[in-house]
Amino acid sequence: MSVILRVERLSKHFGGFQALQDVELHVSAGERLGLIGPNGSGKTTLINCISGALYNDAGTIAFEGADITRLPPYQRARLGVARSFQIPKPFRSMTVLENVRIPLEYAAWKRAEHRRINDEAMQVLELMGLKDRADVNAGALTQVDMRKLELARALAAKPKLLVSDEAMAGLSGAELDEILEILLALNRRGVAVIMIEHIMRAVMKFSERVAVLDAGQKIADGDPQSIIANPEVQRAYLGE
Amino acid sequence: MFSADLLANAVVAGLLLGGFYAAVAIGLAIVFGQLDIVNIAHPAFIIVGAYTAYILNSRFGFDPVLIGVAAAPIFFFAGAAIYRVYYAAFERTGQESLSGLAFFFGVMFIIEVVLILVYGVDYRLVQADYIGQSWRIGFVDFPLRMLVPFIVAVTLTAGVYAYLSRTFTGRAIQAVAQDRLALQLMGANPIRIKQWAFGLGIATAAIAGALLIIIGPVEPSVGRQYIGRVFAIVVLGGMGSISGMFIAALILGLVESVVATFMGPSWAPAVAFGVLLLTLALRPAGLFGR
Amino acid sequence: MKKISPFWVCAAVVLAAGLGFTQIAENEYYFTALYVILQALIMAVAWNILGGFTGYVNFGSAGFFAVGAYTSIALNKALVGLPLPLLIVAAAVICGLIGLGVGYLTLRLKGVYFAIATLAMAIVLETFVNNWSYVGGARGAYILTPESHLWFDSYIQMLFMLMLILAIGSVAISRKLNFSRLGRGLAAIRDDEVAAECAGVPTLRLKLVSTTVMGAMMGVAGAPYPFFVTYVDPLSAFNLFVAVNAIAMPMIGGTAHWVGPVIGALLVGSMQEIVKVNISSELNILIVGIMLVLFITLAPQGIVGLAQKYFRGRRR
């Protein structure tokens, strides 16, 4: 399997606070990677650097061989890096359908059928189970539907890599399984997924590989079973 | 025509002016610097303060500075009330940016027009013994109508600085911008705190207005010249820094004075805004920004 | 056969009505009043492209307007007899460039800083014009009314028709923008700029387009102004009333839809003319200020928003 995302020696600081230190991360095409770590370990900062919302201070990020370290977020989106936000950020003046159109019309513009954007958008909504919400205003959705919309927008960008940032936080058992199933379905279509989660059973069920961050550094990287057994990981989570 | 004499006087006048500018900007430094509320109408409130001083001074002969200080509590309550409206209409629903700005723009306009309708566009002055006088040290003039406001302004700035760093409410004001949740956990009501801060900001306008009309005559549209200055000062000084604001005010006063002396007074308004644009383009965090 | 949209039918009707009006109306006052309203309409439509569609407030509308006016004055002085349409194009180019410049300097920061920067730009420009003796500086400049007014009865009638065409043109551009891929990108920026950027929207580029179009349109509104008033000075060209109207009219009419600023301009503009004639012009300024504040606090979606809510309620 070829590596599509190559993060090397990534560092980021905010004033005097070192958020990330020499982080190294590889993701292969179609891989399912779980990213875990205690609160404040730098997971969202890492994602922000990968998607371009933040610029890292040191290190490089390469996507499909091309150096994207200094590219603005919208160009990374066009290349195929998509992310969902931990706290959903819907476009509140638009309907669900219109929300999904935006990434199709922008990030996926070269990969989309220009004349049939609405159809493509509906297909995405169908995959997400949001088809009957298509004309609802995005601001009026339930929590779980908003999370689905976040993922729908990320999917509509026709990404090769999707980062799901705690999409399941605070959801009930059944809702959680819904989201999990959506992510698995996405992966079956060839999209590599980085899942950031605190909910262990979801991470275990989903991931082929798990990376662990603690205090801005990667402390472990391997298959799920060996990660749980790793004493350093246990210390990071319990030793607080 | 360049001479040490002229330069020295321009520098001194500039520093005195800068001190006064600090009094003008401090209300906005609190409200915009700490609370992120873009009260573009702040200079309009200062004009109201100036007119208050004018009315009471011409009627009863009270000293303008005393009027300003006495009027401050009233302005405080007015500010608190306005914040209530602002909060209910904008902050609660999260629509701050576009509508909040336009709201204060409208308020500024209303204030200016009401003043025009009631008092017309004639220039108004105050009378006080010290206004005509001037001290002289060597070849440098210290006009009292500039020196008195300078002293009052410095006192005001120092007072606000002490308040913000020493008292509970003051520190709460500094905290509320940075972490609402922590503030709530500490037992303080963020909305109450912000209301208090906004009231404080408007209260300083009462004093600044009195100082303004001491320095020179005032008519309703004078406020607009100060919009650029106050924002330039707060941005240059750095959001959240009172001492930065003071230094920025001195710098601005200095540059304006030197430009006015050597290039002509009609260039003065552009100075503040030019400084503002440059700061935004080159170093948006300002000199001492958070 | 391609369907002609109702908008263009309306536009044609309005144009015809305007022409008809120039034939039958006796009192020149009507054309003066209509010119003022149409000018305000173009300014409102222009402001809304950046303010309503993209979510960035511009306080310096008077600056763009005045530069448009002073471009006319300067070019007219340098090359006497240049036809008005050329002056309008020149104003559009210059003001568009200014919009681009201010945007480039400040649009990478928060919206608040952009708003303040626009105010700064307007005052800096005013100071420059005040000190520029070629166009009269603070004393102002006189423009002689040209001899020719084509087939119209008077010069003001011709100006009115010109403004009508410009107004229809600007509304058409605004409408096209509202329903285009570009317009949807702008709306995404307005709703959530970070999310838009991550969805592939080139936010800086689109914001710059928005600012440039707005600047150019405002310059167009200002270019004929010297010929309308015959005497221009910085105080009247850069006046705050123009700036407040440019904000108040779209906010009262409704900012999300292209028809909002049109409704706002027609309603508020007409009201202002009536008040100006019957009471006083100062009161006008007070009224629009109060209306702005009231609408912002109570009906932030404007008249269009209220109408949408009403019709949605009735459908139930």
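Labels for the chains are A, B and C, by order of writing; each one numbers its residues from 1.
Keep this in mind: a contact is a pair of C-beta atoms (placed from the backbone, for glycine too) under 8 Å apart; a residue touches a chain by one contact, two chains touch by 3 or more.
The structure presented is a predicted model; accordingly, all values stated were derived computationally and were not measured.
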- Query: What is the minimum number of touch steps required to go from subunit A to subunit B?
  - Reply: 2
- Message: Mean of the CA atoms for each chain, then the mean for all of them together: which chain is nearest?
- Response: C
- Which chain has its C-alpha centre farthest away from the C-alpha centre of subunit C? A
- Item | Where subunit A and subunit B are represented by their mean Cα positions, the distance between them in whole Å | 47
- So, in whole Å, the Cα centroid of subunit B is separated from that of subunit C by 32
- Quick one: subunit A and subunit C, Cα centre-to-centre, how many Å? 43
- Within their complex, subunit A touches subunit C through residues 51-53, 72-75, 77-78, 82-83, 85, 89-94, 98, 101-103, 105-109, 153, 157
- Note on the structure: In their shared complex, subunit C is touched by residues of subunit B numbered 36, 38, 40, 85, 89-90, 95, 97-99, 101-103, 105-107, 109-110, 113-114, 116-117, 224, 227-228, 231-232, 235, 264, 266-267, 269-270, 273-274, 276-277, 280-281, 284
- Message: Help me check something: in the complex, which residues belonging to subunit C touch subunit A?
- Response: 181, 184-185, 187-188, 190-192, 194-204, 256
- Message: Help me check something: in the complex, which residues belonging to subunit C touch subunit B?
- Response: 51, 55, 57, 59, 105-106, 109, 111-113, 115-117, 119-121, 123-124, 126-128, 130-131, 138, 240, 244, 247-248, 251, 255, 282-283, 285-286, 288-290, 292-293, 296-298, 300
